[in-house]
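Take a look at the structures below.
Two complexes come next, and they have one chain in common, subunit A, joined by subunit B in the first and subunit C in the second.
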Partner chain A sequence: MATPLLERSVESDAIVRRRRRTSREVWWWATAFLAPAVIALLALRILPTLSAIGDAIPFGTGRSLLSNFTYIWTDPAFLGSLRVTLLFSLIVNPLQIALALVLAVLLTKKVPGIGLWRTLILLPIAVPQAVSAIIWLVLLRPDGPLNAIANAVGLPSVPWLVSPNFALASIVIVCSWIGVGYWMTFLVTGIRDIPTSLYEASSIDGANAWQQFWSITLPGLRRPLLFVLVADTVSNLLVFAPVRLLTQGGPQGSTNLIMHDIFERAYTLGDTQAASAGTIVLVAIVIVVVGIQFRLLPGKD
Partner chain B sequence: MTSRILRRIAAAVVGLVAVAGCAAAPQGNEPETISFLNPHPGAYDAVIAEFERRNPDIRVEQQSVPFDQLVSQTQARLASGDTSIDVVSVDPPRLAGMVAQGFLTDESAARPELEAEVSAVGINSVTVDGKPRAYPLWTSDNFLLYNRDALAKAGVAIPGPKAPDRLTWEQVLAGAQRVVDSGAARYGFGIDQVDRYYSMQPILMSMGAGAGLEGPDNLAAAVNTDAWKRFGHWYGSLYSEGLAPRGVEPSQMADLFVSGQVAFYLTGASSISKIAKSGLAGRWGIAPVPNFQGGPIVTPTDSWGVGISAFSEKQDAARRFAQFVTLDPAGSALASQKLNLPPVNKAAFPAYLKYLAKVAPDATASVGDLLATDARYAQRRPISVGYVQFETTMNKAFTDIRKGGDVNAVLDTAQNTLTRQLSRQREIAGDR
Partner chain C sequence: MSETSTLRRERRSGRRTLVLVLPIAFVSIAPLLWALISSLRPGDEIFAHLSPLTWRTFVPESMSLDNYLAVLSGPFALALVNSVIVAFFSVTIGLFVAAMAGFALATLNFPGRGVVFALMVVSFLVPFEAIAIPLSASFRDWGLANTYAGLILPAVGNGLSIFLLRQFFLGIPLSLSEAARLDGLSWFGVFWRIYLPLSKAPLVGAGLILFVFQWQSFLWPLLIAPAPSVRVAPVAIADFAQEQGVDYGQMFAGAILAAAIPLILLLLFQRQFTNSLASSGSKE
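Presenting the complex of A and B:
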């Protein structure tokens, strides 16, 4: 039976009202849920960024607005910290990701005592970075346990933290000890998401473990690998605690990573203007590196 | 859940916050709480307890941070105008820089009391541009401690405790070498504040080098002169030849000495209590800080004071506490116990010596005379608004030399870094 025109009009008004109310409620809920994040973003990210820009550009002082940037770009210490950070990133990121991948593959196989291995690998995540650094400070001392073991088996002592040739390698080791287990967990989850039927089918076709890794595991891990690559790179550009506690940027500037350089300028030397300029340079580097990584790696199915 | 329910929840939360706010509001008779930022955990516990007993209207809350973090904490918090610090420990050579940044109050009004209660050395240590900018608490000196068993085993003569018994560095290092060669201890010599300018300056200057900063307002670096390089080679060789432990941080040095691994140990009075209570008790002694043969005797001086933050909203209470710790003989004596540093309060000094005699009667018998004699040879660290830059750069240079860096290259780099940093200091000072 056809609905009379008047009734239809009343009904559609009610629908429109309900829709409006629903729309208002959606907005209200969306605002309520988003507000904490937006406020936190404003307070913890946007305002400090604006403040850093304000510090870095010396308005109303009579100095050139770019004078702080000119200063750090001509400062051998800052340029040295950029060089060290670049070298560190080129070593530590591939190393950590490769190790995390190897461990993830191993820990998703049927290995005896798997629970124990997983616990041991994940243990460093539970230890605060500062505590990890202090443990390594003792381990890496010239007369520390690592050299004692080396000497006991007839190897010479290694000048871990005292030689410019070894200090950066020591920081790489400490950061990897802290980080590899963490990145591994993302890859383990990724491997578990790959259908086992693919491995079974490839086994029937006669594929060996290496071929399965290249043809099934690696392509299947594209997304988690991209995430790990980006997040690991950013985290290693921001490494601070191990450097502060183990080497303070030395010997001879060999471990003066950019975060440590910025910290020293701001909080030891009291030069917040140069530190803010350095921070802006660091943020620009992070944005460029992450942008390149996103472009280079296929992130879509 | 509808928006009405959500609004009710919001109203309930606001109500709860309001109630909590009322509950937390200070009552009229509650004590005023001031905060005290310092790098000496435990050192002020007794003096704060006594201050609070005498001043029930004030409560002192300590924020003790590790020594290495005090500068960064002070810089970060006071530079942002943080009002949550009322009283702060002040290292005298850093005072000029803190004053230039507007961190500390002018305490000129207390000059008569300062002159009545505190030694002239103490007042000098906290004076910038003719105005007292903090209250001086301690002075300092270094001593040469030794492990009696290690020296005896190696056939090295036990040094005398008095000023005329002062050894030369040449004698000390020869003895240290004998200890290492004989196997009586693992290391012949160690420095408590290793790589820190405070400990290096007397050795450098006894070798004939300058303080490192010179010119008007001490804003010109001179750290790669021939004498500085001579010192660098001397310092580096201590570690490259195995006389002293390479790669051990200041916080771990005292443990090496008390565990019997170091024969001679250059340190200050702050180590006395720890060593007296350790397994080495009764088997150690104190000798005067050495000088180089033919070189002048140079000893360190100045120690911590307490300043009042210019951003504090409770400056009157903060001032009462700072004055109790430094100007009141009882407060000053209590504040000098845990760390054993000599107070600059004239009336508290005898009480300090009595306390030392109780802690380590044999070892400290001549310390009072030694402190009095060494005051004649005391060299202050350079007074400069660029001292923080200077000390930071030089401490790193000393570390690099200790770790085997090329002395000439390290000191040339330090000179260039400092020249650049001090020039930058002048540039940004123009903004203030």
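Presenting the complex of A and C:
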């Protein structure tokens, strides 16, 4: 009677020991597999964020901890850049998403040569932003081709990059030329995921294309649309190359988006503390935008 | 009969849609076409035929590759080579690191997995560009200014590629790795011999993300690698435009060269790129 029990307990001890060994082994492997990525994420995201906080908040200097923040909050240049960024976001995001949505709907219809058109519309995203900006720098010159075309159809020349009234519009055009095809791609895939049977059933019921768009396409696209909304907003908060190359923030600060303002503070003015305070404000805005995404996203399907 | 009429109606509406799509496709491609045409004509001819518009505006009097030869014999050639070097090592090292991390997160059950996940979420929340300026100060302290390593390292911490590969690895049945483990394969063997060969499509997708990230990169190289010996193509192009008396023909030739490599890759891998981006976005 006692022997089998003893045997069993010896056996289970062995299992426990083996399990413990496996778990230690798994631990070792997990560390080996994850270490490079974890170190990289810590060094490349967490550490610089902390160092920006450290730069912006002057611990142990006797100055008020928030002095850098109060400084940028009363600096007309920084407030101007926040205002320009807000205005830019309010124009560029709805515009890009509406265009991407229209294009996605058009390009999921049975159009002859569809693959070719989709590829052509996607091409600008493959071009480095700095290169796109350089091409548009020439297109938008006072004596450039865009004004030549305008004149040819009897319109006056537009002072695209040189007038404060048009400079931000120029940045909007360039960013949209770069981005719309990219955001379209997500929506094309989203539309393809909507069951065609829904469209077939509604055509039998006599629904027209407009009704189908409102009652099938739009609700079916809720998730990809929300994703595009937030990803687009975040990427437009970070626009730098077009501003740097086309307008350098001018004329009269009319295109001084927040990334460019921070860059100028750090490199032209050499004010790293104010630049770090600006960085933290930017990161906070991004986190709020992404946080709203998680709130808006419907629960897991 | 009703089927053929539906088909006919679809075809007719397709042609009507084409009327809307063509101008948009034209607007999207026209700036690139103009850059291409301009790169084939002498620099002083680019603005000569703009006003009034004639067919000469769009067709060069004589086409030549002189601008390309000139730009490739100058410092731009080195910038292009630098971009290729940086992109190549970013993709290979970045993919390896991301795949290992994705594998561990998908297959290994270990305490602390939640902490690693939290770290990834935070790294999603803070975009790289937003902290590029404070990060460049640390990189300079670490002696990484004006080095290839300084340019390549940011691609190693790409949370999106880790996430993408993890999602795919989760779909591979665990019984496969369990069987391989019983046969005596190490965890690295499972990763290298089973998971990677099964994951060509997501690897291409994640690789393209890393490639585009590096090939596009402008702010970071501007901050960390301004020296001519490590200058990358986008920065070189921007410098070109800010020169006095810039030769626009050569500038466009450089622009076309810097755009051509990603364009070719995109055309080759468009399907994987689209699919990998799309599924990472909508199913997140």
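Everything below uses one rule, namely that the second predicted complex is superposed on the first by the 253 of 301 C-alpha atoms of A that agree within 3 Å, B and C clash if a C-alpha of one lies under 4 Å from a C-alpha of the other, contacts with A are read in each partner's own complex, and residues count from 1 in each chain.
Rule of thumb we're sticking to: a contact is a pair of C-beta atoms (placed from the backbone, for glycine too) under 8 Å apart; a residue touches a chain by one contact, two chains touch by 3 or more.
Not measured: the values here are computed from a predicted model.
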| item | value |
| --- | --- |
| First, second, both or neither for A:272, with subunit B first and subunit C second | both |
| First, second, both or neither for A:49, with subunit B first and subunit C second | second |
| Touching partner for A:251 - first (subunit B), second (subunit C), both, neither | first |
| Partner chain(s) touched by A:130 [first = subunit B, second = subunit C, both, neither] | second |
| Partner chain(s) touched by A:66 [first = subunit B, second = subunit C, both, neither] | neither |
| Contacts of A:143 with subunit B and subunit C, given as first, second, both or neither | both |
| Most subunit A residues touched (candidates subunit B, subunit C) | C |
| First (subunit B), second (subunit C), both or neither touched by A:162 | first |
| Subunit B versus subunit C as contact partner of A:218, first or second or both or neither | neither |
| Contacts on subunit A seen with subunit B and repeated with subunit C across the two complexes | 29, 32, 137, 143, 263, 266, 272 |
| Partner subunit C, residues of subunit A touching it in the complex | 23, 26-27, 29-30, 32-34, 36-38, 40-49, 51-52, 55, 103, 106-107, 109-113, 117, 119-139, 143-145, 148-149, 151-152, 177, 181, 185-186, 188-190, 193, 223-224, 227-228, 231, 234, 238, 240-241, 244-245, 259, 262-263, 266, 272, 275-276, 279, 282-283, 286-287, 290 |
| Contact footprint of subunit A on subunit C as seen in their complex | 10-11, 13-15, 17-18, 20-22, 24-25, 27-29, 31-32, 34-35, 38, 46-47, 50-53, 57, 97-98, 100-101, 103-105, 108-113, 116, 119-120, 122-131, 133-135, 137-138, 153-154, 156-157, 159, 162, 187-188, 191, 212, 215-216, 218-219, 233-235, 237-238, 240-241, 248, 251-252, 255, 258-259, 262-263, 265-267, 270, 274-275, 277-279, 281-282, 284 |
| In the complex with subunit B, residue positions of subunit A that touch it | 24-25, 28-29, 32, 58, 61-63, 67, 71, 75-77, 137, 141-143, 159, 161-164, 248-252, 263-264, 266-274 |
| Footprint of subunit A on subunit B - complex, ascending | 2-3, 6, 71-73, 75-76, 79, 97, 101, 245-249, 388-389, 392, 396, 399-400, 403-405, 410, 413, 416-417, 420-421, 424, 427-428, 430-431 |
